[in-house]
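First chain A sits with chain B, and in the next complex the same chain sits with chain C.
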Partner chain A sequence: MKRDAGFRPASRPSLLRRIGRALVPLLWLGPSIVLIAVVVLWPVIEMVRTSLLKISSSGVTLGNRGSANYTDLFDEDALVPVVLRTLLWVAGIVVVTMVLSLAIGQLLNARFPGRRVVRWAVIVPWAASVLMTALIWKWMLDNYSGIVNRVLLDLHVIDKPVNWLGHPHQAMIWMMWVAVFVSLPFTSFVILAGLQSIPGDVYEAARVDGAGAFRTYFGITLPLLRPAVLIASIINVINVFNSFPIIWAMTAGGPGHATDTTTTFMYKLAFYDQHVGESAAMAVVNFVLILVMVLVYLRATRWREEVR
Partner chain B sequence: MKRHLIGAIAAGLTVALGVSGCGKGSSSGGDDSDGKTIKFVAAIYDDNTKPFWDALIKDFEAKNSGYKVNLEMVDWTQMDAKVKTYVQTKQVPDILNYNAFSDFARDGLLYKASEVVSPATLSDFTPTFVEQAKFNGEQYTLPFISSARLMFYNKDLFQKAGITDPPKTWADIKADAQKIKKTGAIGYGLPLGPEEAQAEFFSWAMNDNGGWVDSSGKWAINQPANVDTLNFLKDLNKSGLTQPNPESTDRKTVFNQFAQGKIGMAIGGPFTKAGFITPANPNLNFGVTSLPVKNASSQPNTLGVMDVLDAFKKNDGKNKEAVKKFLDFFYQKDNVSRFLAKEGFLPTTKSAGDALSSDPYMKQFVDALPTSKFAPTSNPAWSAVAGAVKQSLGTSVADKDPKKVLDEIQQTAEKAS
Partner chain C sequence: MKRSPVRKVLLTGVGWLVALIFVAPYLQMFLTSLKTEHELTKSPGTYLPGHWQWSNFVDVWKAAPIWTNMRVSLIVAAVATVVTLACAMPAAYYTARNRFRGRGAFLLLVLVTQMFAPTALVIGIFREMVALNLTDTLMALILVNAAFNLPFCVWILHGYFSSIPKELEEAAFLDGAGRLGALFRVTLPISTPGVITAVVYTFISAWNEYIVALTVTASPNRQPLTVAIPSFVTQYQAHWQYLFATSLIAIVPVVILFVFIERYLIGGLTAGSVK
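And now, the complex of A and B:
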């Protein structure tokens, strides 16, 4: 690096100038620091603060409540099943999404006539609003006029209409399917990008060494896709964990709390039980859960060696 | 190692925060301190609501120069969340069209009714509703519209099933539902999903002398009569006389099916005809009768429902004058009855009552009003109780034990009080 004449190491710059120089990077970093502070850190501080307050059912803040909101939350009978269900919901959706996306990514990467059309078609569920998709599925699964029942009745798979969203277990499986459906486009495109970054000569070398298709996929493609899989699954875990519209539109977490995840449970605490403080406590717990899950995942996959 | 960990935490934080930490909250400010501009948040009842208020406000502003009313329309599904945000961010509207008031009154947010309407308007309210508008013996809110519930039945299905008389008792309901089931239709439509479980349940429980509170006003949600009521409803469900899964069925689903002639009986309100039956199947041959009673000898009660206008304290009372002008303007007989006629609701004022009685369909509901029993909306804990009922009451007719479900709701009620 070439230096200015004034900055010759022999003459020590004045203290003021040194501070000034140290602050220069702030000009570039400043806006993003401010942005993070305002849109990321501040809401989190507010969230934690709210979880310690006593807030009346009308919304007026009545003072401090210490950890009582947390005690109330941990006293809820529904809490443990809801958290376990949330973990199952996240794991199920992310695993199925990743497996399907690996296949779709492979398909989109292959050369075939009409590939452009297929690529666009895969994007469509992404472009449609999640709420809209969920509502469409809700009506497709409707007991009285849903198309799913109609088709299954005509095929004689069932002999009378099934109220799919009325039974907690069936409802959960259908909602997980919808969540997979809306997560596929993003995930398969991340995989596709990963596939395109694998250089062709690696495959050539494998072919020369006599590796079959199976061996090539598990020996070369999958290991080299690790960064893409890693990123895609972390983002999916967080998205799915916080997924609200699908469950809210399709079953609203009911009957009872039988299809609630932490996110819908949190909403119900605030707006059905009129307990904003306890809801904020749930939000903090939810936040810590996500944080722990992401950290464990990053540790387990030793991400630093992959994503540089 | 340590640096790695810190790096990982930092990265994890950023990712987690970026997605989970996004708060919502948008509120229009516009805090006018001249006291002549007020904000009115109105609920959307149907497509006619906004044009009505737009016209009324235009008329008001023309007749009261210098005064201005900013209207904001909010859908009922958004209302609770919006109202909480208004209060928490200290951006309450001057007038709010809502279904609750007592917790605002308890927290000192509302004007007394006598401060915001003229004595003439105040004395025009029907006494039944004034009672519901009181908190600690003082009227804090203005009754806006009311509604009542009656039993709707499909006359064609009744004829097909060989039933001659409308149902009067619980036993009739069960017997008729069995006969209707044999024709292939659904006997009774039971909506115990989150939309309005509290209304459906109370419509039954009150006619078995059950209810939310005992005679001294204490919560009595797990009283034997209520358990008895749920056991009866559970029996209807388990005998296959209702639509499948009452615990997750909302009122609108039941009424859409009723309108299509697929359900024999269901409890509905004045809005049921204009809102559900006329649009889907105007030729439906239906009748309306009183709510069924447990004991043939007792008098049937009806569920009364009341929405209100809350007037919030703002700017040290500077808004009082404008609020009063606007409210007195709205409560003129012609304006109120025009609103009621358009929306299909019942009056809360004496002067508007006569206008509706000319319609034979509406008259049945107006006539039922004196037998109304109300949910304890003047108790500030009611909204938490209603929330708990919406979430869990339905499960009692499916796989949970009615007594246990009611015990839990009772606990919620005592905790919230």
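And now, the complex of A and C:
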């Protein structure tokens, strides 16, 4: 475009080089971007699209349905209880997990004989598959032969075997306990890692100032653990929200929809009831719920920081 | 703080109690796997096996094609781990070392991906695999496991690489090691805890993955252990002893793996959660 032709030969390679330089990051990031695009973003788009389609039970697309899948979903009697149960499920499990993990992390950081072995023991539920852990709890809670009933009978806490997983409320509490149990190892180790990154001289200073154990913990340890707690709780919210194997193995969401969360409800809609479009709508709603919860959580924690 | 002996005894007691609570269900798994099928129908249940049926661990291999399922689990977990690391390491390294256009966008993409779980997307994944003609293949399982563990690996490795001073690498570079030489001889060895954490995390979550395998696979010889195991207990049969024998066979190697890397794990998580 310049009249001065003399610039051209010089500017062309430099333009190429500039394009080349801009493309260098793609060399390093390319594989990740492709993998995410093909295996994560494609299903996301496919899911949103499916939620607007009419799909036969054999998976053939029969045309557009507009928002009909969503109105069908919102007309389900089970929906509101399922969503409320899911919120309770997430909040209950994450809060209990965080509180217990703060204690366990502290314990694993303290010095006592056999600490190594205790750390290994705490890792076990992390290494075991959640499904297998859920199955052993199901067996331990078995109506006829379960060890839980046996122990409680022997201790005279109950006088006849209880069908723990047969009653929705009891089943829910036990399943929430199993979810806490499998979330504890990862969370406790994140807390432990957080504790180990706190330099020792901070505690030294607190001791010189004459702060007691209680004040040291709430004034120094807990605030310094903030990043670890934040990350662990966000990961837990996402994991617990999407938790499927525990409920699937222990009650399959039954009886009826009495112990379903949005995840198992969604799965049943697609693969039992063959309402694929409606199930996709449920998945979209599910994702919006997770997004809202994470945003609210982030907002709440930042808000607390501003207040302090 | 005074280190009184009472405190030490108390800590030790609580410590061992916590350990017992965490191991108890798996102890119960072990005891159940050694009972006879007849004993398992007794009510109320027994504490210890009346007869220690060690042969359950031999018979289970004949009762179901566990070996095939185990091989599927192993292939899927191993290949997915390699793919994830091969994609995550360059991305994490480059974003930790360089400022460039699109860096923020990429890190945001990773963060958003972290929020998606296969469970939430299972319908979309299933329909994609149908479209790609990949249903009932190991390829589908490998791709899904590799992709969904990628964000965590990028995140942890990014934290780790960022924590290594650039000067260290530059020194090696000036000593004539070359850019890649400096990367392989200096940065990677220091990042071992981060890399190990990423490897173990990916391997274990792929080894334990359930819902996608349940949905995408159909033939028994392409199902991983997690999908095969529940079929020991159905409406028609209740081989709890085999179910838990197989579970233990699947759990024990992973626990041993975990025990070996426990020390690195804390270092890896520290870098990831603090940076």
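Here is the rule we use: the second predicted complex is superposed on the first by the 288 of 308 C-alpha atoms of A that agree within 3 Å, B and C clash if a C-alpha of one lies under 4 Å from a C-alpha of the other, contacts with A are read in each partner's own complex, and residues count from 1 in each chain.
The definition used in the following text is that a residue touches a chain if its C-beta (ideal position, glycine included) is under 8 Å from a C-beta of that chain, and two chains touch if they have at least 3 such contacts.
These numbers come from a predicted model, not from an experiment.
Using the contact criterion defined above for the overlaid structures, shared-chain residue A:A128 touches chain C, although it does not reach chain B. Contacts of A:V294 after superposition: both chain B and chain C are touched. The partner of chain A that touches more of its residues, comparing chain B with chain C, is C.
When the two complexes are overlaid on their common chain A, residue A:N239 makes contact with chain B and with chain C alike. Using the contact criterion defined above for the overlaid structures, shared-chain residue A:G59 touches chain B and also reaches chain C. Within the superposed three-chain model, A:V39 lies in touch with chain B and with chain C [touch as defined at top].
Touch criterion met: A:H275 reaches chain B, while chain C stays clear of it. By the document's definition of touching, of the two partners only chain B reaches A:H257; chain C does not. In the superposed model, A:H167 lies in contact with chain B only, and not with chain C. Of the two partner chains, neither chain B nor chain C is touched by A:R85.
Residue overlap on chain A between the chain B contacts of one complex and the chain C contacts of the other covers 36, 39-40, 43-44, 46-47, 59, 144, 238-239, 241-242, 270-271, 276, 286-287, 290-291, 294.
On the side of chain B, the complex with chain A involves touching residues 4, 7-9, 11-23, 80-81, 83-88, 103-104, 106-107, 109, 193-194, 243-245, 247-249, 253, 257, 262, 380-381, 383-384, 387-388, 390-392, 394-395, 398, 400, 408, 412, 416.
Interface of chain C with chain A (complex): residues 1, 8, 11-12, 14-16, 18-20, 22-23, 25-26, 28-29, 32, 40-47, 83, 86-88, 90-91, 93-95, 98, 100-103, 106, 109-110, 113-117, 119-125, 127-128, 130-131, 143-144, 146-148, 150, 154, 204, 207-208, 210-211, 215, 225-226, 229-230, 233, 240, 243-244, 247, 250-251, 254-255, 257-259, 262, 265-267, 269-270, 272-274.
Per the touch definition, chain A reaches chain C in the complex via residues 22, 24-25, 27-29, 31-33, 35-36, 38-40, 42-47, 50, 59, 104, 107, 110-133, 135-137, 139-140, 142, 144-147, 149-150, 153, 161, 181, 184-185, 189-190, 192-194, 196-197, 207, 213, 227-228, 231-232, 238-239, 241-245, 248-249, 263, 266-267, 270-271, 276, 279-280, 283, 286-287, 290-291, 294.
Residues of chain A touching chain B in their complex: 36, 39-41, 43-44, 46-47, 55-61, 77, 143-144, 163, 165-167, 234-235, 238-239, 241-242, 251-252, 254-258, 268, 270-276, 286-287, 290-291, 294-295, 298-299, 303-304.
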